[in-house]
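The same subunit A turns up in both complexes below, where it pairs with subunit B and then with subunit C.
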Partner chain A sequence: MLSDVMSQLTDGYLLLVIFCSAVYGLVIGAIPGLTALMASALLVPFVIFMQPLPAVAAIITASAMAIFAGDIPGALLRMPGTPASAAYANEANDMVRRGKGAAALGAGLIASSLGGLVSAVILSLAAPSLAKIALVFSSVEYFWLGVLGLSCATFVAGGSLFKGLASLFLGLSLATVGMDPISGIPRFSLGSPNLLGGFGLIPVLIGLFAISELLRNAANPPHADALPKTTGSILIPSLSNLWRHRLGTLRGSAIGTMTGALPGAGSDIAAWISYAIARRGSRAGRRDDDHGATERIMSASSANNASLGGAYIPATVFGIPGDAITAIVISVMFIKGINPGPTLFLNKPEVIYTIFGIFFIANLLLIPLGILCIRGFGYILRLPRAYVSPVVLLFCILGAFSVENTLFAVGLIAVFGLLGYVMESNDIPLAPAILGLILGPMIEETFMTTILKSQGDLGIFFDRQIGAVLGVVTILAWVLALGAQAWPALARRNHRNPYSK
Partner chain B sequence: MKFKSAVAGLLMSLAMSPMVAAEDSWPTQPVKMVVIAGAGGGSDYVFRLLSRELEQNTGQPFSVINQAQGGGVVGMTTYTQAAPDGYTLGQMSPFAQYRLLDQADFTSDSFSPIALVNMDPAAVHVAADSDLHSLQDIVDRLKADPASLTISCGGTCNASWDIPFVSLMLDEGVDVAALNLIPAKGSAAGLQELISGGMDVVLSSLPETDSLREAGLVKNLAVFADERLKRYPDVPTVEEAVGQDVTGGTWRGVAGPAGMSPELVKAIQAQVKKAFDSEAFQQGMADRGFGAVWMNARELGDFMAEHEAQTQRVLGELRQ
Partner chain C sequence: MRIHDVVMGPLILLTGLGLCLWASFLPHPGNVAFGPGLFPTLTGSGLAISGSIIGLSGWLKRRGQPLFHKPEWMSHRNIALNFWLIPLLIVGYLLCVDTLGFLLTATIVLFSMMVANAVAWSRALPTAIVTAASINVLFASLLHVPLPWGPLTNVSGWLIW
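Up next is the complex of A and B:
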């Protein structure tokens, strides 16, 4: 079987498809406004009539490349290229401003590649048994997972906790617009069919991050030398970074694979959770210098790429998509007669292992192509802003339109661009708002579904084993977080009065 | 206001008269096909398959535009508000629930029906280890206590999958207003709930459970069709299972905005029929287990009226 897999993988046409979609994915991901989901969706009309393996390979490769490449505009322009890079775009941009651009992007690149490889190994070794675990999750477990994810916003909020929460609640309130996920009754839609589906995540992301940044650049043009060059070697320092941050990267890869394996939780949530854990849970990640930033970037960046592989665990074993990108892949697999399911592992193991093999090739290819991409975009994005900004704006409009296919989405990016500008100028962080918009609908839907199942009995949230564990972990996380806030004050008081008893 | 729009209509029809004269040769320019679901889903697949054939037969590009927002309302609004010139067409699928739920005001008069190409009956699924062994078990259980089972609609409720089920329960004399119907984000999410033990019954089409049935995790109890499906010879029809002749499910067709001329509809219908009959389309549908079912414009129009009546009856009862 191994020789079957190898001969399929070394097919010239397949490799050509992988190479072309790699370049395509990197370019789409690196352009602010164009996302990994869009890269996959735009491939559908092309791959739908291709041979099965190249078709699947094209989407796998393009999405893996685009998720990494989203880091590039995130670091250089502070505009995350995909929602998955939003968690650490600020951090990476700060490093670039300190002249550590090559280190920041190199760290993200090597972590992305490693995250992808780790998830591919897990996928190849344990997909069927892990898929069974993923299928134990019901709405109760998803509810707790959502709440845990939401807590990340408070744990990672640098600066003012109050402002972080304000941003989070803004995101949550925006998430209530549109049809009620349970009854289908329109809410705050003002009679407009465009608002029935709520605010699309991609137009809001483009508006809040990219358009607001363009507005700020227009209002206070940065000095020509504001952005230090991303010169210096990328590969060698990032390899030594990989050794120094091996634990964080491996932890991120594991978290990413697990999160990705849960249907409904994608690369954006994986990056958030891993980032929050690195920030609070590791000694290196708590530091506020380059070392700490690198640790956090590598944890989150490995997680979002690993989640792509993780998503294929339930997808290939049970035909249940882990995220929107795998939903597209599953449908392409069905069309091509590779029907996902346990029998696929029994009857056509060479096909499934070739698909897993594509993950290895794509993630290895990510390193050389990623370096070229960082260099290339490094030059382009450092051209005078007067030339770059209009082009970025053009792509933002294009990206918003092509995801939603409505002009309304283009209006949305303008409105949210203005909102983002106002928020930033008042030091209100943008990222928690995006987190609220991602998790709000998930929490509402799973909460309502659970309550409907139990007909109003709240005990159901602790009735199931895994659900109860997740619930306790979530509550503990809150207690610990609040305790950590309160502890210094308590400790000071005790210190002042050591023998008060 | 009325006068103005009449004048505008007149001007528009004057402006379009050269095109109207060329109806026989439809299409003479690229055609937009609005799909009310995202890229990669079942609807997207059916329409891309159809569009590819139309493109090859007519030599004009057919571009598929995905507008899934608002559960399909946005896509339907787009094409029903376009000019009825035959160059903006769209997916015709269950629409009556939108008006009854105050989401939009489509009626069958908002569309020019052209042809139906696909119909997939709803089916009833339970987990493999469930103590419900037949549809009769479910009926008995619900007759005794309508709220005793959690039932996933396999998507939004008041839609393709649960309406035939509720209409069966109405016929059986179950108090449907007390049923515990729970919406899901889609059939995959509903099935995930079923397997994780969070739900007793899931309603969706049969092909959607293929992988899980193969894995031995899901049992199919009955299908809402007139006769057993060729691909699933072991799944009894509802009539065989409980003796009530109830059918229903989802369906996909091609429609345009209201006000298309009968000649134009005829010309488009002929092209769609040609694409429908092609081997590639039939094979593509069979590959995914989708039912290729044909209805012409008139039959589709009647069917849409029936769909409105059934939806109204069921939603009326559910709301009591």
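Up next is the complex of A and C:
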């Protein structure tokens, strides 16, 4: 198997795809306002025409690069390119203002690369063992896993819990459009053949994330200040920083991998947790000088990229994406016939290990290309928005059309683009909706199969041991989330009414 | 475009109730105990409950806030034009691409958006033509996406390999 994996990883075409998507990911991630998610969504129409492995490689590489590239405008302009870079944008920007730009960005780069590599090792070791456990799963366990994943994604989406739930139920409701998976009866299709197969995932993704982002950028054009210079060597000081802050970087990598593996907790949450732990929990991180700032940047930056590797654990083992980027990777895997899940480890282990290998290569490639990107950032930033936005719009239109081969999909991107803009403007998170749309068919199918098998007896959801544990964990997660929401309100009420006791 | 929770909540509630009502009309196959309307009824109920709570909590925290908050960009004509141009151009593309073909429609889309973003038309027009032609070659020749040609069908051979 190892020789199969190595021969696939050294394929010239695959390496070319990895290189091109790395450059693409770095450029998109470095442009303020364009996120790693948008980079991944816009790539889908192109990868549809590729062989399965290069297709998956392109998305994995572009997302890993874009997550790091978000650090560059964060450090130089105090405008984080991706939400994941927001945790330490101020620290890095302060270092740039003190003339330590190369050191700040180099520290982030080397920590990002190491974080990605550590998570890739953990992914390669943990995933096969988890896949063995997953082989005994029935529809009950998959139902609970799907519900648990969706619930966690909603609980950590930020803002109001009920707005997150509204977004989730909207996504689940959208997933019911089209033919019923059990009886084949068309639902909510309004007699249109375009809706018989349900809403196409890619047009909805492009609409919700890419078009709504274009609309936001049109409504609030970002202003860039004068660009500070990053002179001096990047690699050598970064390597010495890596040795000095090795514990912080490794701790960040471990936190990132664990946080990423939890459904719904993406790279931004991982970066914030790691930043907070470095700030309070480490001696070096408590210092207010460059040494302390570097410790915090390296901890958060390594968590940032490590979370991507962690997110591939539930995605590849159970086929359950933890965030929107892995949802895109999963969709591409399904479209290209690589069905993620425990049987993939049994039937095609060389494919899954090649995918893990691609993640390794992408994180190694991050160092040389990241240095070039830091040096050439001025050129990327000078790409005029007036020219970039129309081309992005045309790619969105063509992306939706080329995947679905129907103009109906083009109309969908306008509808979902406006819906995404209105949702975000009203603090309704988008990620639960898209995860609901992706996991909806799986949850409905497992729910209906189970309930039909038991003739309506809900006790079947707790009959099997693993299923019962997952069910209890899911219910506990709901109780805790609702309790956390209700507690401050109750506390305020008691505070206002001293006689209530 | 900020809508107060007092309005947003009932909107979500009505969407959920509408979904439940629609699901109740779905045909029920005789041989199974639970029909195609069960799952949509559950998700619709979830929407309705979330909407009611959002509306209720909005009502409790109202304190004279406006029901609709017009964003600042709507008062600036140029920014509002740039915003609405995006959905309008998508709809325009949808309506025109079969008649005009991809190359002409894409050129119009690119040109309109560049001019709206303050690019001089003398620079926008050649840029739009070259970009549209390059994208046409990329999608039609390399990715084999069946793009329509409209009145340019006779010259399509020049750009398809």
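Quick notes on this structure:
We adopt the following convention: the second predicted complex is superposed on the first by the 276 of 501 C-alpha atoms of A that agree within 3 Å, B and C clash if a C-alpha of one lies under 4 Å from a C-alpha of the other, contacts with A are read in each partner's own complex, and residues count from 1 in each chain.
Assume a residue touches a chain if its C-beta (ideal position, glycine included) is under 8 Å from a C-beta of that chain, and two chains touch if they have at least 3 such contacts.
These figures come from a predicted structure and were not determined experimentally.
By the touch criterion defined above, A:Gly200 reaches subunit B but does not reach subunit C. Touch criterion met: A:Gly341 reaches subunit B, while subunit C stays clear of it.
When the two structures are aligned on the shared chain, A:Ala66 is found in touch with neither subunit B nor subunit C. When the shared chain is aligned, subunit B and subunit C each come close enough to touch A:Ile185. In the overlay built on the shared chain, the residue A:Val47 is in contact with neither subunit B nor subunit C. Once chain A of one complex is fitted onto chain A of the other, the partner contacts of A:Phe169 are limited to subunit C, with no touch recorded for subunit B. Of the two partner chains placed by the overlay, only subunit C lies in contact with A:Leu394; subunit B stays clear of it. By the touch criterion stated above, A:Leu439 is placed in contact with neither subunit B nor subunit C.
Contacts of A:Leu14 after superposition on the shared chain: neither subunit B nor subunit C is touched. Under the contact criterion defined above, the residues of subunit A that touch both subunit B in one complex and subunit C in the other are 45, 49, 182-183, 185, 405, 452, 455. Of all the residues in subunit A, the ones that touch subunit C in their complex are 45-46, 49, 160, 162-163, 165-166, 168-170, 172-173, 176, 180, 182-183, 185, 187-188, 211, 214-215, 218-221, 385-387, 389-391, 393-395, 397-398, 401-402, 405, 407, 410-411, 413-414, 417-418, 421-422, 425-426, 440, 444, 447-448, 451-452, 455-456. Interface of subunit B with subunit A (complex): residues 38-42, 44-45, 48, 52, 64-71, 73-74, 77-78, 97, 101-104, 147, 150, 156-158, 180, 182-185, 188-189, 191-193, 195-199, 210-212, 214-215, 217, 284, 287-288. Partner subunit B is touched in their complex by these residues of subunit A: 41, 44-45, 48-49, 135-141, 178-179, 181-186, 193-194, 196-197, 200, 263-264, 317-321, 324, 327-332, 334-335, 337, 339-343, 404-406, 445, 449, 452-453, 455, 464.
Taken together, the subunit C residues at the contact with subunit A in this complex read 1-3, 8, 12, 15-16, 19, 22-23, 26-27, 29, 32-40, 43-44, 46-47, 50-51, 53-54, 57, 71, 73, 79, 82-83, 85-87, 89-91, 93-94, 97-98, 106, 109-110, 113-114, 117-119, 127-128, 131-132, 135, 139, 142-146.
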